[in-house]
Structures are given as C-alpha cells and as structure tokens.
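Should a chain be cited, it is by its letter among A, B, C and D, assigned in written order, with residues numbered from 1 in that chain.
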Amino acid sequence: MPIIYYIILSIALFSIGIVGVLTRRNAIIIFMCVELMLNAVNLLLVAFSKMHYNAALKDGLVAGADGQLFVFFIMVVAAAEVSVGLAIIVMMYRNIHSVDVNFLNRLKH
Amino acid sequence: MSNILTLAYLVPLFPLIGFLVNGLLRKQLNKPLIGIIGSGSILASFIVSLLIFLQVKNGASDVITYFNFISVGDFSIPFAFQIDQLSSIFLLIITGVGFLIHVYSTSYMHEEKTEHFGRYFAYLNLFVFSMLLLVMGANYVIMFIGWEGVGLCSYLLIGFWFKKPEYNKAANKAFIMNRIGDLAFLIAIFWIIGKVNSVGYTEVLAAAQATGDAQVFSAFDLTGITILLFIGATGKSAQIPLYTWLPDAMAGPTPVSALIHAATMVTAGIYMIARSNILYTLSPLTLDIITWIGLATALLAATIALKQNDIKKVLAYSTVSQLGYMFLALGTGAYVAAVFHVMTHAFFKALLFLGSGSVIHAMGGEQDIRKMGGLSKHMKVTNFTFLIGCLAIAGIPGLSGFFSKDEILANAFIKSPVIYGIGLFTALLTAFYMFRLYATTFLGKFRGTHEQEHHLHESPAAITIPLIVLAVLSVVGGYVGIPAFIKEGAHSLNSFLSPVVAESNTILGEHHISHSTEWMLAGISTVLIIIVVIFAWTKFSKRPDTEEATGFGKVLADKWYVDELYEKIIVNPLEKLGGFFNRVMETSVIDGLVNGVGRLVNYGSRQLRLIQSGQVGNYVLLMVLSMLLIFAIQFFLRK
Amino acid sequence: MNALFFSAIFGVIMMFSAVLLRQKSAMRALAIAGMLFLLLVNILEMNGTVLIHFNTAGMMEFDRFALLVNTILISSTLIYFLLSARDIEKAGQDYGEYFTLIFFILAGSFLVASFKSLLIFFLGIEIISIPLYILTGADKRNLKSNEASLKYFLMGVFSTGIMLMGITLIYGAAGSFEVAKLNLGGENVSALTIAGMLLLLFSMSFKVSAAPFHFWTPDVYDGAPTVFTSFMATIVKAALFIGFIRLFDESFGALSATWQLWVAVLTAATLFVGNITAVFQQSVKRMLSYSSIAQAGFMLMALFAMNNAAKEGILLYAAAYSLATIGIFAVLARMSDYTFEGFNGLARQQPLIAATLTICILSLAGIPLTAGFLAKFYMLKAVLTTGAHFWLLIFAVLMAAVSAYYYFRVIQAMYFKEGNATISANTTFKTTLVVLAALIILLGLFRESYLTGFILDRI
Amino acid sequence: MSITEILFAVLTVVALFGAMMVITSRNPIYSVLWLILTFFAISGHYILLNAQFLAIVNIIVYAGAIMVLFLFVIMLMNLNKETEPSRNRWLKMAGVIGGGCLMLVLVAALRDIDIKDNIANVGHGDIGLLKNLGKELFTTYVVPFEISSILFLSAMVGAVVIGKKN
C-alpha cells in the first residue's frame, strides 16, 4: 500500500474527529471524538513505522520499533486521560445534571 | 581629594538612602527627623555636586562605569555615569533647588499626619534620585530608567492627596501622556541600538558624525531617531500635543509643582536634546519641527494663561510657555541658550511656585486669585520675592530672565525675523499675565472673607528663607551669561559648556549679528515689556479682573476712558483668544485626540470580549479556523 | 535527573502523607521541606554531583540550561509554597493530594526542560496537563471550578490530539523521535515536516495560551481556585515556554525561515488580544489572566528571535514574570473581593504588602529597575538583533505602554482610593513577600552575576 | 486487486463509516458502539501493517477497557436516550465546513510528498511482535516507561480527588 493511502485515511479520521468536536454538545461524545483523533494518529504512526522499517531494511538495518512504542505510550496517556476526564464529567454531572457543554457559560468576558 | 569624580555615585546614593529610610521607617520616625533626613540627604548630594562642579570647571570630565547592566554577546550596556559640563550644571540645579524645596516642604506639609509626611518625603527623595539618574547616566538606557522613574514619582506625587477623585484623574492623565512620550523614546533607543549596537552617548554621538564609508546613520535614520526622541521630550516637557497633563498636575502639593513640574522634571526633555545635540544638528528638519512646536507651545500656553484665575494654573501655563521657549532655543541650534534658560527658569519659576504656595498657605488653601488681593500688606517677604520672580520672568533688564530670554530671542532673530516677532509677542504676553497675576494677588484691596483676612500672615522661616535664596538667585543667576554685546567674553556659561556643543557649533557655524542690532533688539523688547508691565500693573491693581469688582470699576470708568479703549482693542481680543485656545484647542483637539486613543482601546477591548463567549464549541471552531487559515497560506500562498 | 527523580518520590511521599499525617501544617512543612530538598539536589547537580543516574538512551539531557530552568522553577515553587500553601486549604479538602499533584507537575516540567526526544516531550506535557485539569476542578462544589475544569480538559485533550498528529507527521518525514536525528535542514523540506511543525506550533501555542489559541485561558484561570491559577499562570507557563522554545530551537531551528513569520503573527496577535482585553476587565483575577496572555506575547518574542539574547532573556523573563505574578496572586488569594475596588485603600491597612505588591506590578508593567524591565528589554533586543520585523518591536513597545494602564489601576486602587481593603497576613507571608520584592529588584539590577556564567557554555 | 488491497479497502470503508456514525448518531450508546467498530477496523489495519501486538492491545485496552468505561458512565448518567439538543445549525455547518476544509488542505498539502515510493508493505516484518517490542521497551525505552508511571499515579490521584464524595 502506498503510504499516502494511510496518510489520507488517517487525516480523514482525524478530521472526522475534529468535526465531531465542533458539532456535538455532549461532553462525552466530544471526548470520544478526541479518542477518534488519537486513534487516527496511532494508525498513521504504525504506518510510518512500517514505512521506515521497509526503508531501513534495504540497508540491512532495523527501524520502526520506536513508532510502535510511541503508539503504546499514546495508549497509556489516553487511558490516563480517560480516567481523569470521565471523573471530571461525572463531577460536572453531579452538579448540574447535564453533560451539555453549552451550559458551560458561566465564565465569560 | 585627588579626584572627586570617583565619588559621583554618592550624588544619587544619598537621596536613595533618604527614600529608603523615610519610606521604611516612616511610622517610627517623627516629623522633624523625617524632614532632616529628607532635606539632609539632598544637601549632602548638593555638596558633592558642588565639589564635582568645581572639579569639572577645572577641566575634568569622565565616564565612570560601575557594573555591566546588560550584556548579550558583543552588546553591552554598562551602568555608568557621565560627569561633564552639562550634567554637572544640571546636578547643581536639581540638588540645589531640590534642597530648598525640601526645606520649604518641611513647613508646607507640616499639617499632614506623620505617616503621610514620611511618605511625601520618601517620594520626593525618590524623585530626586530618579532625576539624578536621568541626568548622570552615560547612556540612553540609564537615562530612560531615570526618565520612567521621574514619571512614576510625578504620578505618585500628583495623586498624593488621593481623597479628591479629580486629582486621581490628573495623575492618570499625566501618566498616560508621559507613557506616550516614553514609547517614542524607547523605540528611538532600539533604533539606535539597531544601528550602532550601543547606547552610550560617546559611541552614539561619535557614530553620528562618521561620514563616508564609516557612515552609520542615514539621513532618514537621523531624522527618525531625533523625531522619536523629540516626541519623548514633548511628553515629559509638556509640549504640543502632550502638554495638557501639566496644568492638571497642579493637583499635587505646591512644592511638588515647584520641583517637578517647573524646575526639574519638565526640563528633562531639554536635557535630552541638549545631550544628543549632534544628532539634532545633523537633521535640520527635526530642528525646524522643534522650533515651530516650541514656538506654538509658547504662544498657545501664554494665551491660555491670560484667562486663568487659579494662581497655580497661571504658573503652570507659564511653565509650558517657558518650556516652549527653551525648545525654540534648541530648534534654532542655541543649545547653550536653552540650558541657560533652564537654569534661570528653575530659579524664578521655583520661586514663583513656592511664593504661590506661601500665598495659598496664608489663604487657607484658596487658589482663586479673584478672592485674593492686597496681600502685599500682610506678606512682605512673599510679596517682595514674588515681585522679583515676576520681574525676572518678564525679562526686565538686570534680572536673570532678561539674559536668557534675550539670548533666545537673538538666536530666533538669526533664524527668522518672523520667529523673533512671535517670540517677542509671547514675551509681552508673559509680562502681561504675570503682572495681572501679581497685581490681582498682591495689590488692590483684599477680596476674600473676613475670616481669611484675619488669618493672613507671613509664612514661617522655613518657607521664607528658600524664597529669599531663590529670589537672590533669580537676580544674579543671569550674570553667568552676560551677552557679548554688553561685555565681550563675559558669557561664562557659554565657555563652560562649549566642549559639549563644540561639534554642533562647528557644523552650524557661527552666525553672529552685529552688536548694534543686538542692542536694538534688546532695547525694543525691554521698552515694550516695561510698557506692558506698567500697563498691567496699573490696570489690574486698580481694577482687578474680577466680577465682584464691576461696581468699583464703574466708578472709575469715566476717569479711565483710555483704559476702556485698551480694554476694547487689546485686552478683550486677547482674552477672547485665550478663551478660544483654552476651549477649542485644548479641550477639543488635544484632549479629544488623547481621549480618542483611550476610547479606541476601550472599544477594542469590548469587542474582543464578545469573542470570549464562554462556549467551548466556539473556541474550538475559532482555533480550527485559525489553523485552517495558516495552513492555507503556508501551503498555497507562501511558496 | 536528581530533581526529576526526587520530585516523583516526593509526589509519592505527599500522597501517603495525606493518609498518614493528620495535621495540615505537618503536610505543609513536609512539602516545603521537599521543595528545599529538590532545590538542594538540583544545585548539587549543577555542581556536578549526580545522585541518581539512569541511562536515558539519549532521550534526555540535563545540561546547564535545563538545570538552570529547574532551579528557577523549584525556587519559584518554593516561594509559591511559602506564600500560598496555607491558601491551598481553601481550594478543597484533599490537601495532601494537591501537593502530590504539584510535585508531579514539577516532574513534568523537568522533563519538558530537558527532553531530547519528542516522546519525553510529549510525556512531560501530559504529566503537566493531567494534574492541572484536576487542580482546576479542585473546588468540587463550585460550579465555576467544575466548568473551568471540564473546559480545560476538553480543549486540552483536543490540543493533545493536534500535537500528536504533528509529532506523527514529523516522524513520518524524519523516521525518528530523537531531536538529534530529525535532520530537518536542507533544500527540500518535506510538506510532512512543515505540516507537522505547524501542528506542533498550534498545540504549543494552545498550551502557552498564545492567540488565537488562548480562548481557554481567561475562563480557566478565572474559574480555577485562585491558588492554583497562580501556579498555572506562572511556574507551569514558564516551564511550557521553555519546552516550546527548546522544541523549536533544537528540532526546527533549521526551518526558522518558515515558522518565524507565523510566530511573529502569533506574537502580535497575542500581545494585542491580551493587552487590549485586559483593559476592560473589572476583576483583578481576570485581568491577571489576560495579562498572562499579554506576557506570553512577550515571551513568544524569544521564540521568534531565537538568538543568544532571546535564550538568556527567556530565563530572565520566566523568573521575573513568575515571581511577580506569584506575589500578586498570593495577595489576591487572600482578598475577599476580586474586583479592582476590592483593593481600595490597601496601602493604608497594609502598607508593607501594598509596597511589595507595587513592586511586583511595576515589574510586570516593565518599569525600569525591576526584573520585568530588563526581561522585556532582552526580548526587544532579541527581536532587534534578528534584523527583521522591526514592526513587531514597535508593536510590542506600544502594547507594553497599554499594559501600564491596567496594571496601574491596582496601584491606584491601593494608594489613591478610599477603602478598607485588608488581608490577614502573618510574618512568614510578609517576609516572603519582601524577599520576593527584593529578588525582583536585584534581578533587575544585577542580572549579570546570576545568569551569564551558567548559560554561556550552552548557547 | 490482491487480497491485501481488498482487505485494506474494506477496513478503510468500515473505519470511515464507523467514524461518521460516531459523530452523527443521536444516541450516545450507538456512538460508543460505532466507535468500537472503528477501533476494530483500525486493529485490522494494524494487523495488515504487521503490528500484531498493537492490534491486540488496541482491542483489549481501547475497545475493551476504555470504551466500556465510557459505556458505563453513559449508562450511569442515564444518557441512553436521544436527548442531546442539537447545536445551532449555523455553528454546526461551520464546524463541518471547517473540519472538511482542514482535511482538504492537509491532504492537498501532503498529496505530492516525495516519500510516495515508500510502501508500507504488508506481510513481512517482525518488529511488531511482542518479543521485539518488549525488548525495546525494557531496554531503550525503560526511562519513558518508568516516567509514564508518574502519569498514571497523577491520574489515579486525580481521579480519586475528583471522584471522592465530600
């Protein structure tokens, strides 16, 4: 597969995630859209990792593990973010019984 | 005492110590002690300044570097003082007049609570410290530090009596106008750094004169830098269009007006231009601009002063006008004359302000001259010294003002008779409003309340002694600059300052007018001024310019038919003019301009606030759109 | 490495102290002792004594610049603790946990100051961000705090996504995450690199609240408990800036022709938005959050210029800005009324505090003889040295003049207005404030002896 | 068309369709389910790219743990109805257009990058195996690995601080 396919696929997923963040009001869905963005990144990282592996193989070298490990770390971070993020959303819900971000407008000016 | 110049750091150090002691311990100290510390520190500075001056007079001058303030690669700004003819004269003026005003303040501010008394002296000492830094610094950055410092102290002192909201506004106005000037100054500094990679006077002024392959500044650079510096000067020295803060600054205590808003801080702009005189000499366009701005300010402020009834406001506009005079001198390339006038002006204007303070003190805080009159009977010393001040500022021969003013006018005549004419007219206006002020305040009958009349008294010695000293200085101060047409080679100030302006003089060339012309010019101005003085004296002592006096004036109407005529053809138009300038120029044009900037900022602020809607979605959308825009430009337009 | 290791250890210790210690004052003392210890080990490392050594496989480098940054961050946090540790009690009930999170944030800051691999950079940024979301929402029953926390979180993870996409595209072009192996110079720069770099620019602009990615800042700073706003707006921001600058200097230095213009535009926008909007604010807390945007604009100038003056200047700026802002926030946190009127007459009730506060404000406004002036001067000089974009310099000077207007409103309220504003302050608080003010003045006067020796070998 | 190309095409369509459904579903529960489908498709891509370990981790961690957590929270809040009021239509449109344009711009910019000939070959390569990744992770990447423990600790402390009832 030409790498450009993966780039386009990944950017498409990423942009869908952005559109989701822009169009939805439910904080949980927005968060899920961010997860989608992160997964798009992961996919592209793995594809690039494979690409660099192939490129290095021609010279008899091994490369590309770093990309996959980065994905692993992104998953770690994502898990941490989810635990904190859902806690915050639940806290918000406990107070205003809604997860609609449009209600987050006490702070302005 | 091999080289007193190495002790130069003591000069600003004493006021700094005074500031710290008074500022930190003001609750523990009592008033006399605060006064002694406050005044004593300035006296100590004055003594060191005097020793330095004597040394400089013997030909010593030096740049003393203490430590490296900023250094980045090959660029460095040392914390250094430059002691030469120009700075030593300013040191004497600042510490000398400053000391007198400190002494005066011990009595004038005596009714304040101890804590405020201490605060006042702390600010005043801090001001002197900053002013000394401004004058002594060996580069533009140190000057800028002092420059900001004096602005800050002025701000604090104008707002000293914070109980009145309008004082607050005045402090703000002063601050903002000064900031506008400072802005230009700072940009000029960076322009200089960009060109010379140094801010030391020695390096910059040397670079300015380099020609040929070594040329550093193009004509455009020079003009740009000098104009920006001049804008800085207009802010601090209250010139058009940034002058309106100075009359408002009279909200501060009177000694502050005398020290900061008459004798020292407002002359910082003149010092700056005199310091960088070569830059200005090399850009004739800027010199012309300065000439006309100075002239216009002198005239405008003088006309406005005609109509003022607040004793301090008259003096304030008079200060603006005299500062315009100094800029006129700078514009004609007469740097020495400008410094000369700074000096004499420091004496007589400080005297006048302190005298007015004495009057206000006696009148129990009343500042309206319509409610005064006849004070000469009650306050002999104040009356006499004030009169000397008026005579000096009017330019009566024999007093200091005459010499410096005459020198400026002579230089104006060399440049153009038109400028001379306007300058002379302004001088006549000055004489007129000063004697209107004097006559209304000190002559005639007392028009205040009975209670006030009962309390009228001469001020205590701490007030009168500085008045007397300043009066003596106002008389003899001019004799350091006896013009050549009276006695050849007697202009000792000229010869003293010649090293500072030597290069400028070579470039500008010596344009002398014949002695007979000078005699004639001096004669004309003297005669006209004396006529105006006598006219104003008789007119306002008999018929003070007040509404209450109309009945009294009516009685005299027939006898003074001539007076009526004068009234119609001279005084009324003049007063109309004054009113016009006050109303139209100042309130609409200049204040409008300055307020407009403020309103614009406020408007922008309100509009920007709307974007901050509080909605996450909108924020992210704006972020995404910005990203989109940058990407689009980067990838499709920037190739 | 010393500071990084022990900050993590102390985070854990504080976590247990929350369970084991009953007295809040004991926790406070422990936290302050911990910070002192961090300072000690960091200074030891500066003198060559590395207590803990790990093989980081070239992913981190604790050079003098990084160590100096650490020192600044630790000292600022120490002062922050001395001034505000007591006020943290007011934020919420989990006193010990807050200290834990602050120690962890510091660990993240050390990572960001010394990364040599984009992976470490990313982890550092996340270790800073995640505890911040929590600290913002510490005041659980306060809806404003809740709201700020959720807003910060949603926008923060969004920007994390952007950052990761940027790192990925860079990886695609360079085949490595290591700064040394990025090799971005040369004739044909891949569009991948440019796109990735811009995405990183956006996400970092978000983190340091540069316009137009600043929108979260006023809301979050306003909503968060004031003590934590103080921490976020100062130490964290300084750390993020150092990371931002290191990233663009070391990784993308060769591409500066591409990003310099954008940084200039962002700088101008940030200065404009921050200063102009601050003028209209009625609450000092909100004014300070806009002012933090404005100050970020100035710090961005270091990024723009990226020369010796800039690198030296950003350290000074970080220190000057952090110190002054910590001081103001520490006082603000103890005020009952956050509006400008709330400060009326403070000078009469608490002259010493008002005077030190004035010095802090003067420093922020860039008045000479304070550290703030010198720091601004360095920034402007740095821009000047680049020889391009002189308009940016003029614009910055103009905006600095505007800033004086809103900063001086506080001084005006304290000194020139009638009122009975007062705060409770013990001797420690006052002494620390005086030390803070003295530091600001000393840094402004004798910067030479503090900084030059340490960094010259690096730049 | 080889089998890998067909697989690629199918997985791509599934991933994109799932993603579209995530952001268009009115019911949050459906969104979660569609997102899980997308993750499965992405895991399929990982396998095509010889990243077997990540494929498994993606399913276990993301689809298995994280999404279940989401589901759990949604159920807890009783949001399993189509209750979400719709955002302002203009803003929605602006969002779609903005996101779409961003995609177009990025794709257009990256369309003709000069690494086109680097093919992400399918079918061989062993770095994605657990053994190799594990070795790397615990040798070269051991410091970041340890550092991520700070991240987890802070997340844990944070979740407790936020979640604890007063």
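Going forward, a contact is a pair of C-beta atoms (placed from the backbone, for glycine too) under 8 Å apart; a residue touches a chain by one contact, two chains touch by 3 or more.
Note that this is a predicted model, so its numbers are computed, not measured.
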Requested in this report: State the pair with the higher C-beta contact count; candidates are B-D and C-D.
Outcome: C-D
**Report entry** Geometric centre distance via CA averages, subunit D-subunit B, whole Å
**Finding:** 70
Query raised in the report: If you average the CA atoms of subunit C and of subunit D, how far apart do the two points sit, in angstrom?
Result: 32
Report task. Would you mind pulling out the distance in Å between where the CA atoms of subunit A average out and where those of subunit C do? Result -> 27
Query raised in the report: Between subunit A and subunit D, what is the separation of their C-alpha centroids in Å?
Result: 6
Report summary line: By the touch definition above, subunit A meets two or more other chains at residues 3, 7, 14, 17-18, 21-23, 25, 30-31, 51, 55, 66, 69, 73, 77, 80-81, 84, 88-89, 91, 101-102, 104, 106-109
Query raised in the report: Listing for subunit D: what residues touch at least two other chains?
Result: 87, 91, 94-95, 98-99, 102, 106, 109-110, 113, 115, 141, 144, 148, 151, 154-155, 158, 162
**Report entry** Two or more partner chains touched - positions in subunit B
**Finding:** 609, 612, 614, 616-618, 620-621, 624, 627, 631, 635
Query raised in the report: If each chain is a dot and touching chains are joined, what shape do you get: line, ring, star, complete or other?
Result: complete
Query - In the complex, subunit C residues that touch subunit D - result: 8, 11-12, 15, 54-57, 59-60, 92-94, 97-98, 100-101, 104-105, 107-108, 111, 117, 119-120, 123, 126-127, 130-131, 133-134, 137-138, 140-141, 169, 172-173, 188, 190-192, 194-195
Report summary line: Counting only contacts in the complex, subunit B reaches subunit A at residues 609, 612-617, 620-621, 624
Report summary line: The residues of subunit A that touch subunit D in their complex are 1-9, 11-20, 22-26, 28-29, 31-33, 35-36, 39, 42-43, 46-47, 49-51, 53-55, 57, 62, 64-66, 68-69, 71-73, 75-84, 86-91, 93, 99-100, 102
Report summary line: The residues of subunit B that touch subunit D in their complex are 617-618, 621, 624-625, 627-628, 631-632, 635-636
**Report entry** subunit C-touching residues of subunit A, taken from the complex the two chains share
**Finding:** 3, 7, 14, 17, 21, 27, 30-31, 34, 37-38, 40-41, 44-45, 48, 51-52, 55-56, 63, 66-67, 69-70, 73-74, 77, 80-81, 84-85, 88-89, 91-92, 95-96, 101, 104, 106-109
